[in-house]
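Going by the order they are written in, the chains are A, B, C and D; count residues from 1 in each one.
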Amino acid sequence: MAVRVQREDFDPGHEIARMGAADRGIGAVVSFTGLVRDLAGEAAIGAMTLEHYPGMTEKELARVEAEARARWRLADCLIVHRHGRLEPGERIVLVVTASAHRDDAFEACRFLIDWLKTRAPFWKQEETGQGERWVAARESDDRAAERWLKPG
Amino acid sequence: MAVRVQREDFDPGHEIARMGAADRGIGAVVSFTGLVRDLAGEAAIGAMTLEHYPGMTEKELARVEAEARARWRLADCLIVHRHGRLEPGERIVLVVTASAHRDDAFEACRFLIDWLKTRAPFWKQEETGQGERWVAARESDDRAAERWLKPG
Amino acid sequence: MKLLYFAWLRQRIGKGEEDIAPAPPAQNVAELIDWLKARGPGYAAAFADPKLVRAAVNQVHVKFDAPIAAGDEVAFFPPVTGG
Amino acid sequence: MKLLYFAWLRQRIGKGEEDIAPAPPAQNVAELIDWLKARGPGYAAAFADPKLVRAAVNQVHVKFDAPIAAGDEVAFFPPVTGG
C-alpha cells in the first residue's frame, strides 16, 4: 500500500513483479499506465508540465487509496504520479492493484484512476505551436468518477 | 496485435513499455497478469499443470482478440498464455491493451480475460496433498463472460 | 476422422488422440458420443455425463447437434479453465 | 492565514502563495473570494468566474460555504486535470 509523487520516471514491470511476488494468495495484478499523448484535441503537443499541490497531493492520493482498500479486497495497491515537465510518450501515472481474484483488482484499479483524476490536485499545462495553455477538466472524467458514488 | 501460447515466462513490464512506446497517440495502457495461487478453495496447491489444445488455442485467442478490436478503439493488444507445469507465484497469463483513452483500454482488457477464460481451450490440473485433481470450471467465469453478450 | 481427448477425458479413455477409419457412422457430435460409449469402459466413463463434456469440430466450439463428416477433427474436453 | 494559488489562478494573481496577517475579515471561502477580488485587477481576473475555481482548506477539498479561521491554509485552483 503506497502512494508516491515524484519527478522521476517509474517502472511498471518492476512494480507489477514486486507486487505479484509478495503474497502467494495473489491471483490477479491489474495495472494502468497513463502516457503523454502528442495530440490533445486538435493541437499537437510539444510537451506538458504537471503542477501539483505538495502535501495535499499525497494526502488525497492516500485518501483515495484507503477508500479503494475499504471497498475491495486488495492484497496490495500502488499509485505513482509524476509532476514536472513531460514529453509525449512519457509515463505520467501508474496504478497497480493486486487481489486474489480479478474482479477486485480490475474494479479497484478503475476506481483509483477515475477518482484521482477528479480529486488529486494536479494541473496540466500543454505546450502547443500556439503557445502554452492550461488543460480544462473533462466532463467525462467527472462522470467517470461519479459512477463510483452510486451503490453497487 | 498478437497472441502467444508458450511454456516460457513473459515480462509484463517489457510488453507494457513496448506497447506504450509504439504510438504517440496512446494515452492508456492496461494490463492484467494472472498468477498461480497457492490456495484454491481449501487445499494447498503444490503446483499446477496447464494442458491445452495446440492449434485451437491460438485460433480461439486470435478470435477473441479480433472481437475486442472490433468492439473498442485499440491501438494495440496482446495476449500471452503459458502452458505446462507452473508453481505458486508464477505468471500464467498476460493481457495488455493500449488505447488513446482509458475507457477502451480497461473495457477491452476485462473483456479479453473474461472471454478467454470461457473460450480458450486450457485445462488446469492441480497438485495437492491429496493427489492431483482437475480444476472445475467456475460458474462465476461463465457469468463474467456472459455479461459481454448483453448490449451496452 | 481424427478424434482428440483432453484433461480427464484423455485420462479415462487412456489416449489423447486416435484416427478412426472408416469414419464412425455418426451424423453429428451426439451420435458420435453414443458410438464411442459403446467402444469400451474407458469411453463409457469419459462420456457418462455428457453435460460435463464440451466439443469442438475442426477447432471451433460446437454444440452436440453439430454435423460431422469423415475428414473432420473432433475434440472432446471438459469446460475450459485457463487464465 | 496562508493562501495558495495554482495553475492559471497563480499566473493571474502573479504569485503562488502569500501570508495575510491579520487574517482577512471572512467567515467562509465565499467571503474570502469577495475580499480578494477587491485587492487588485490580478485577483479580480483570477476570481472573475467563481464557477471555474475550486478551493481546499487545510488541504481538504471544500465548498465555498466552508468556514475558515485565522490559522488556516486556504488554496484556490481550477478543476484538477491529473492522471
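We adopt the following convention: a residue touches a chain if its C-beta (ideal position, glycine included) is under 8 Å from a C-beta of that chain, and two chains touch if they have at least 3 such contacts.
Predicted model, so just to flag it, every value in this text is computed and none were measured.
Touching chain A and chain D together: no chain. Centre to centre, using the average C-alpha position, chain C and chain D are separated by 73 Å. Taking each chain's centre as the mean of its C-alpha atoms, chain B lies 26 Å from chain C.
Averaged C-alpha coordinates give centres for chain B and chain D that are 48 Å from one another. With centres defined as mean CA coordinates, chain B is found 23 Å away from chain A.
Annotation for chain C: no residues touch two or more other chains.
The residues of chain A that reach two or more other chains are 34, 113, listed in rising order. Applying the touch criterion to all chain pairs gives A-B, A-D, B-C. Residue ranges on chain A touching chain B, taken from their complex, read 11-14, 16-17, 20-21, 24-39, 88-89, 91, 100, 102-103, 105-106, 109-110, 113, 144. The touching residues of chain C, when paired with chain B in their complex, are 4, 6-8, 56, 59-61, 75, 77-83. The touching residues of chain A, when paired with chain D in their complex, are 34, 50-53, 55-56, 59-60, 81, 92-93, 113, 116-125, 134-138, 141.
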